[in-house]
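Both complexes below contain subunit A, partnered by subunit B and then by subunit C.
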Partner chain A sequence: MLRIADKSFSSRLLLGSGKFAHPSLMQQAIQASGCQLVTLALKRLQLGQQQDDLLHPLQQMNIQLLPNTSGAKTAKEAIFAAQLAREALQTNWLKLEIHPDPRYLMPDPIETLIAAEQLVKLGFVVLPYCSADPVLCKRLEQAGCAAVMPLGAAIGSNQGLQTRAMLEIIIEQATVPVIIDAGLGAPSHAAAAMELGAAAVLVNTAIASSQNPVAMALAFAQAVNAGRTAYNAGLAAAHSHAEPSSPLTDFLATL
Partner chain B sequence: MRIMLNDTPLQLATVSTLTQLLQQQQLRTEGLAIAVNNSVIAKRLWQEYQLQNHDQIQLFQIVTGG
Partner chain C sequence: MSFYTQWQQQDWQTLQLQSRNFSTAQVRSALHKTRLTLCDLQTLLSPAALPLLPLLAAKAQQLTRQRFGHSVQFYAPLYLSNLCANECTYCGFSLSQKVKRRTLNSAEIAQECLAIKGLGIDQVLIVTGEHERKVGIDYFCDVLPLIRRHFSNVQLEVQPLTIEEYARLKSLGVDAVMLYQETYNAAAYQQYHLKGKKSDIHWRLDAPDRVGQAGIDKIGLGILLGLSDWRTDAILLAQHLQYLQKQYWQCRFSLSVPRIRPCSGGNKVSNPISDKELIQLLCAFRLFAPELEISLSTRESAEFRQHVVPLAITSVSAGSKTQPGGYSVEPENLEQFSIDDTRLPEEVAKALIQQGLQPVWKDWDSFLGR
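Our next item is the complex of A and B:
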């Protein structure tokens, strides 16, 4: 079981709800994946436009909704967005994300830490999206974050575990769940993250932008399970030379 | 009373609370959040929250996103 703050989850796959062609496709993908944590975003209401009934189907699926602070460029903006999100969804769970640069969407480590410290004091369950920086992840943990969510690669880039060496250190040091967020482009990337010992992964673009999001959601769920099972089983060591797996006897030497 | 609602000027005659404003605008409260003069107003206070002349009201809603 994945335990975050006071809640337990049987699925170690978190889904982002963005970029799906239509809401029913998102719901089907969530169902196929078996995920129990889904991220949402916040935006200013366009007056006169019909409000989507996005929440009702999600609330019936018995999943933990995780609003994010996407769009915030500073700690101050993120705290404002967090307070809005708490009222909009009536939850104190929060994916904290602060990325001032639209080209690479890299999280601002300084603003993220400042915001995390304050949001924890305000009673939020804070899951920060952050750089794959072992020192920063430790500081976020010390600030009281319920998990850390270092990036595998840039958001939506589908490049996989570009930060692998740093993720290994983060996972080794962490006493809160490490959720690899952003950049996972294929189920094999998710499996690799889980084999490293990640507590969970968060996937959005790779599923929503695939040709068949429902099938891809299932593929990611299977990969996460396989990776976790492999991690628990303990991977065999890698060697630079061959290690025979059959007996090298000389029974053919007489021919 | 004159207010700004998401940067749109609005003249209010019969409306005095946030809940009444939402009803007048025919807005669902599910997934909605409100800030008045840049302060977030808790949902449980909307019914009794009295609007003031020149209030700047911002409405936000939950949307899909990663």
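Our next item is the complex of A and C:
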């Protein structure tokens, strides 16, 4: 079970709700993956309306909504968004994301830490999207974040675990769940992240932009399970030369 | 150094000659790159790339889906005034045009906003002619609060302003400023812009810098296709974009490349661009700048939009009226130009959904970017 703050989840795959061709496709993809935590952008919601196109289908599902602060370029904007989200969606869970750079959408480490410190004090369960920076992740953890969400590669880039060496350090040191967010373009990337010991992964583009989002969501779920199982089983170390699978050591011991 | 200085060092003739001088092999190599240089863009804009348009379009579509998903933003223009002190040979609002002039007052603006909201639109582009004295910063400051409360996103397409004026508009809730250069060809620019402040190319070229310095969230660049050689204009626009992205790294950028439409002034297009070439232009920019927002307005036909939106477009206008009061106050007045795609927003949305795209009516909030 994945435990974040006071909640447990049997699925270790988080999905984003953007980029789908149709809300019903999003629903089916979520269902197929068994995902229980879904992010959604507050800025996309038409809160005054009776039935929002994005929110309504999500509210019909048995999932934990994770509103995000996308669009915010500063801590101040993110905190404002968080408070609106809490009021509108009746949840204190928040994916904190602050990217002042609209080109690569890189998270701002300084503003993110400032916002995280304040949001925790305001009673939020904060899951911050951040760079794969081990020190920053420890600082966010100390600030009281419920998890950290370092990036594998730039959002939407499908490049996989470009930050692998840093992720290994982050996972080794963490006392909160490490959720690899952004850049995972193939189920094999997700499996690799789980094999490293990530607590979970978040995927959106690779599923929503695929030719068959429902099948791809299932493939990611399977990869996450396989990766987690392998991690629990204990991966064998890689060697630079061959080793026989039926060793002669028993015989050698008798000599 | 502002962009003006960099632009002055460019020689239009040389760039125009260069723009035709590429081989199919060079086009293929540019098509395979993941990070394109200006020279790669020039290659993709060249006549040699036209036979490979299906490949270019396929790659553009893939990049658009990867970056923006299946979503397409909707907006509508809100014309506030057709007063204009400029004389531009291609525009129906020009000073010498014998059209009925009007500037909307507060009550009329409220009525228009409600009419636009009634169409389902939540993102608006404010447009005026250029009349510093009667439709200047004081007018904008008066009317912005009236408009802001109705829409999640407010963009502005008016005359170039000063940094201080842009900063004031930002504080009143302007999310984006569109500053279409029309053409980067100095000689042609002077030919088309005969009178008024718009004839000052330096003031206009450096306006995006001033928007960036004021910290406004988004800057819209554009050229008016038909005024000059489109390939050369596109390369200079790309240089402008590259310069601005480095200077104002927190800004978003959008592109608009309208083709000249018939207007009440009447005019002959001296440098026409074909449908195929326009698609080439839009797709080449998608490859050059995958993060660039690209809009396609109702100037283009419903059929053309239907085919091109899925390839590279991130936002569309719909149900547009291009005269002040056009939605509700006075629908009969003369328009700035005649639109082609006259479908209602819900019809455009329905057609996009059938193509597997998701209309997005809202993607911003009033507290962002303040």
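Just so it is clear, the second predicted complex is superposed on the first by the 234 of 255 C-alpha atoms of A that agree within 3 Å, B and C clash if a C-alpha of one lies under 4 Å from a C-alpha of the other, contacts with A are read in each partner's own complex, and residues count from 1 in each chain.
Operating definition for what follows: contacts are C-beta pairs under 8 Å (C-beta built on N, C-alpha and C of every residue); 3 or more make two chains touch, one makes a residue touch a chain.
Since we're looking at a predicted model, the values are computed, not measured.
Shared-chain residue A:Ser209: touches subunit C; no touch with subunit B. In the overlay built on the shared chain, the residue A:Ala21 is in contact with subunit C alone; subunit B does not reach it.
In the overlay built on the shared chain, the residue A:Leu235 is in contact with neither subunit B nor subunit C.
By the touch criterion defined above, A:Met1 reaches neither subunit B nor subunit C. Once the two complexes are laid over each other on the shared chain, residue contacts for A:Asp101 go to subunit C alone; subunit B is not touched. By the document's definition of touching, of the two partners only subunit B reaches A:Glu87; subunit C does not.
Residue contacts after overlaying the shared chain place A:Ala72 against subunit C, while subunit B stays out of touching range. Contacts of A:Ala165 after superposition on the shared chain: neither subunit B nor subunit C is touched. Overlap of the subunit B and subunit C contact sets on subunit A: residues 18-20, 23, 41-46, 53, 80, 84, 156, 205.
Within the complex formed with subunit A, the subunit C residues making contact are 65-71, 122, 152, 217, 245, 249-252, 291, 353, 356-358, 360-365, 367-370. Within the complex formed with subunit C, the subunit A residues making contact are 18-23, 41-46, 53, 71-73, 77, 80-81, 84, 100-104, 156, 158, 205, 208-209. Those residues of subunit A lying in contact with subunit B across their complex are 16-20, 23, 26, 39-47, 51-56, 67-68, 70, 80, 83-85, 87-90, 155-156, 202, 204-205. Listed in rising order, the residues of subunit B touching subunit A in the complex are 5-6, 8, 25, 27-28, 30-35, 38, 40-43, 58-66.
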